[in-house]
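Look for subunit A in each of the two complexes below; its partner is subunit B in the first and subunit C in the second.
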Partner chain A sequence: MSRMLTVENLSISFRTDEGVITPVQGVSFHVDQGRTLGLVGESGSGKSVSTKALMRLLPGTASLGADTRMHYTTKDGRVVEIETLANDGEPIRKLRGGEIGMIFQEPMASFSPVYTIGNQMMEAIQLHRPMGRREARSYAVEMLNKVGISNAEARVDQYPHELSGGMRQRAMIALTLSAGPALLIADEPTTALDVTIQAQVLDLMRDLQQELGMGMIFITHDLGVIAQIADDVAVMYLGTIVERGPAREVIRAPQHPYTQGLLAAIPSLDKLHDRLSPVPGDIPSPNARPTGCPFHTRCAQKIAGLCDARPPREIQTQPGRAVRCWLHDDEGRNAA
Partner chain B sequence: MSLDASPRETLIEVRNLSVHFPIRQKRLFRTDVQMLRAVDDVSFDINRGETVGLVGESGSGKTTVGRAILRAIDPTGGEVIFHSATGDIDLAGASEEELRKVRSQLQMAFREEGGVAVQNLAGEALRAFRPRMSLVFQDPYSSLNPRMTVRDIIAEPLVASGLMRNRDEIDERVRDIAARCKLNLEHLRRFPHAFSGGQRQRICIARALVSKPEFVVCDESVSALDVSIQAEIVNLLKDLQEEMGVSFLFIAHDLSVVAQISHRVAVLYVGKFVEYAPTEKLFFTPRHPYTHALLSAIPLADPDASFEPIRLQGEIPNPLKAPSGCRFHTRCPFARERCSAEAPDWREIADEHFVACHFADEFDFSRPNLNAAE
Partner chain C sequence: MLRFTLERLIGMAITMLLVSLMVFIIMEIPPGDYADRYAFRKYSGTGVNVTEADIQAIRVELGLDKPMIFRYFDWIGGIVLRGDFGQAFAFETSVVKVIGDKVWLTTGILFATLILTYLISIPIGIYAAVRRGSAVDYGLTIFSYLGLALPNFLLALVMLYFANRWFGADIGGLFSAEYRDAPWSLAKVWDMLKHLWLPAVVLAWSAVAYQIQTVRATMSDELNKLSVTAARARGVPERRLLIKYPARLAINPVVSTIGFDVNRIFSELPIVAVVLGLTDLGELLLKAYLDLDMNVAGAILLLLTFAIVFMNFLSDLLLAWLDPRIKLGA
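The block that comes next holds the complex of A and B.
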């Protein structure tokens, strides 16, 4: 299993009218071939922004931190230092689509409404593969078949608005996969879908990943979805990864108070008569980021004078598991 | 609060409610009109102080049911009887003159917590009536007017209906409901843009409850919220219900949230009810194959739970071309010949457990219920 993506110390700052804000700070993760990393977090946690940085899709007001490293190994074994690439130009365009594909929450926003599904797929196919029009068209039909779209021969000539939501998301997956990416970034791909359709799409993505051996980054706020699709998980809070490890273990025995709170807040069918347990307080806005541990304002277990003053370092608690919390850092706590 | 003790006094009776929209398609020399049966022959009750959950996938007609009950859209048929302490009033077929008489009764009826058949009200009468019923909308960002202060937003239903005119009285009522909704009273003078999603949702709830309504439709009120905030709003709605005795129709596509908040739950499929039962019965001994499939598709945050969603074939049918017979037969794994030919009756298969399926007696979809073990 080879490592295809290593992200180290990713920090992203934006210039705003109210000064510079840094919604992502020191994020590190990696993706191996054939594995799925789940990025989970609530709105404003920086999960989408982080993956947009990978594709260099951030607006001009954004800048990367000086020690940000994003190293991607291409299909032919070259290492690309994404942080050094320009936002446009040949090198990044080679990565987008052909190496790293991206699926978004709302496929309607990613498709152009004025071209047929087939036209848009053929454009992507011909951009990345040496094929003529006719060949590209039959490949598009083949891909639509692969994602379970019935009657693909006819669908290929339809416009995006003629498809239902689930169908459109499948077409989006077909479009993204037709460029043959090695790494797939899926940003809340099932959030807008109904549960029965979500189950179909999750199934499909799992099967395709196995078949094609892709690495995948799956962004979601739903820990239920993570439990079903991710091998590893990274939990983000206010632009920092607070806990990471194998998805099974993190969900079964969360170590960070925020992960514990998130899991406890999920309504469970086995506890119908209990009150729900919300994580107290609101998520602070990115321009009022708390000092110290970003979660200390909502944490029931915070240590006064420590958690609100100094940011915790990442502690390896078990092989493959890490948590960023003073409660797990005996040495640091004693030294402080 | 315990969810199994369902309150008994009927507040709203929905009988054979239908909402059909004419869809016009212009052709070269003629216009084709097709009827979209968004809601078709739906009947159920909501008790005083009860929460009824309404679930279904997009396009199933859940929002339409909620709005038709509130008369935000006109039903095509059926009735919605809002029960009055002074007797039930049905305005079906009432003339203009009779309506005028009823309008004054209505005003009185409100003060006396009375009731009236909602879908027959028009114009002014409806406006007078609305304070008794409110809507909490899905998106707290788009439903708050950015140019009004939080105080004015919350006070709006009182002012618009003329229910209260005295400024001090209004202020007092607004402060009372804001406090119950755990809003900071200092914030009443601010504008909504400064607030987070959870706070905005509390503002929406305060506005819906300020007129002390007896019935509130919550349409996807917690869907746009993060889980940690969602849990807080669900708890708040339960508390407010206990304090104020209000009834909720809670519309959502997230089944686990609906299970937490509802006494009873109804499942809609392409404009028809397929099942209606007390929450535990519906979730742990469902009788309709569609309910069973929906429940199996919820991804649980438990790596040891088996996740084997029932594979439904195809997509939700277009309501313009609703299938014959049972509307679910095109996707039902158990469908037989009879299902495409004959629409199933809406029947009570067990105590308070309603289902529309020819073969419901043959199915056992029950799942282990850890709640019962307590």
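The block that comes next holds the complex of A and C.
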């Protein structure tokens, strides 16, 4: 099990009309071959932006922090320092698709509506594999078969709007995997699908990951999905990782008040008569970032004078688990 | 695609039939007819007393006495079956002879203008959208407003002045003096092209300004589409990506307004033609109306509307080719 991706101190700033905002601050994580890292958080917590930075897909108004390190080990063992690459050009294009594949939330919008599924698949295949048109086409059909699309020989010539939502996401998975990535970034790939289809697509992704031995970063706001697919989990809040650890342990015994709130907010069939318990308050806007711990404005257990003044350190609570909260810090406990 | 084309063709035929009816009715509406005008022109000032019976005789001679419905079928039948647009009374020859050359010249100006418009506005609009917010983008926006604000005839005058001064050419008209009455030859075509660019630039000016803004706006939208990010995330090279994904959809509104552009060119052409000393169809149309020479006027109106309807048909086909969702009815 080798490490394929190490991200350290990832900070991302955007120039906006209201000044510079920094929606991602000092995020570190890593992905091992064959393992899945789940990134969890509400909308605006910086999950998608972080993975876009990995692919250098951020707009021109974005810039990376000076300490940001994103090191990726390619299939043939070279180490690429992604933070040093230009947004456009041969080196990053080699990485995009062929080394790191990306699946997005909306399968309809991620296909171009004016080209057939086959056209878009063959383009990706020919960019990253030494194949001619005919070969690429039969490989596309093979991949469509692999993701469980029936009658792939005919589907390959259809347009995206001729497929159902679930089929489209399967086709998108086939398209992304056909370029042969070693690391797959899935940005809420099942959020736009029906619950029953969701489960099928999750199963499919897990099976394919095991078969191909890929590393995966799975972004979601749904801790239930994390329980099904991720080995490790990192919980993000307002651009920082507040808790990390093996997925099962974090879900069974969450340590950060935010993670606890997220788990309590999941509706349960056992408690139909109780009211839902959402995490109180709203996620603050990135240009009005609270001082101290970013979560203190919504935290029921906050320590006045500490949480709102100084940002907490990351504390290792057990081997492989860490939490960024004053409640778990000796200094914090003494102050309380 | 075949079925789609056939449907549009039938639609076009029906439209043209209705248009021809309308044109014919418009031809009938002005009070009096060519027989009145003919008698007036022939005998006024000669002291001859013209009676109603004389005018009626002229009417019979020209075939103007028959009921309207007969004359309509006579007229449209001649056009469809024999390409015969009838008699140009004021010129005492056939309409085809009178308008023949001018039709080709007008068509030439039309296509030169359209091609120039799209060749300039589409790449520039795409470039402005990709470099959105840059100095080039702002410069182009200012140029666009200038283009929209400047009246055509003024531009024509200014350009005529500078073309004459810098190129020394007798730039008015579509031909140099030595080719004006010469038979068609390669040299004459070349001579025409040398003169064609000026009216084309004048007529394309405001359309270029307008279409740059259209392409820039739709291209900006398309650039933000997830499908573009997704293609970029697959490692598609940037230039190929821009052309294949956003640009193909960004030119949709331009293609779908080809018919409008044709219409606009036809309505601006007469005044530009007067300024530039061109003998185009517009000028002739005005004259034919003043003379109540209805066969000429009708033929020109019919040809102009045919051009618009045909270009609309063409833009439908192009759109269906650009965006496969259209013909599939999704």
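One rule holds for everything that comes next: the second predicted complex is superposed on the first by the 330 of 336 C-alpha atoms of A that agree within 3 Å, B and C clash if a C-alpha of one lies under 4 Å from a C-alpha of the other, contacts with A are read in each partner's own complex, and residues count from 1 in each chain.
Convention: a contact is a pair of C-beta atoms (placed from the backbone, for glycine too) under 8 Å apart; a residue touches a chain by one contact, two chains touch by 3 or more.
All values reported here derive from a predicted model rather than from experimental measurement.
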Three-chain arrangement built on subunit A, subunit B and subunit C clash or fit: fit
First, second, both or neither for A:Arg134, with subunit B first and subunit C second: neither
Partner chain(s) touched by A:Phe111 [first = subunit B, second = subunit C, both, neither]: second
Partner, of subunit C and subunit B, that touches more residues belonging to subunit A: B
Touched partner set for A:Leu263, first subunit B, second subunit C, both or neither: first
Subunit B versus subunit C as contact partner of A:Tyr159, first or second or both or neither: second
Which of subunit B and subunit C A:Gly97 touches, first, second, both or neither: second
Subunit C, subunit A and subunit B - angle at the middle CA centre, rounded to the nearest 10 degrees: 70
Subunit B versus subunit C as contact partner of A:Thr176, first or second or both or neither: second
Minimum C-alpha spacing, chains overlaid - subunit B and subunit C, in Å: 6
Residues of subunit A contacting subunit B in one complex and subunit C in the other: none
Touch list for subunit A against partner subunit C, complex: 55, 57, 88, 93-98, 101-102, 104, 106, 109-115, 120, 123-124, 127-128, 159, 161-162, 175-176, 179
Touch list for subunit B against partner subunit A, complex: 2-4, 57-58, 196-199, 226-232, 234-235, 238, 253, 255-257, 259-260, 279-280, 283, 293-294, 296-305, 307, 309, 311-312, 314-316, 370-371, 374
Touching residues on subunit A, where the partner in the complex is subunit B: 42-43, 150, 164-167, 194-200, 202-203, 221-228, 247-248, 251-252, 261-263, 265-273, 275-279, 282-283, 285
In the complex with subunit A, residue positions of subunit C that touch it: 225-227, 229-238, 244-245, 248-249, 322-325, 328, 330
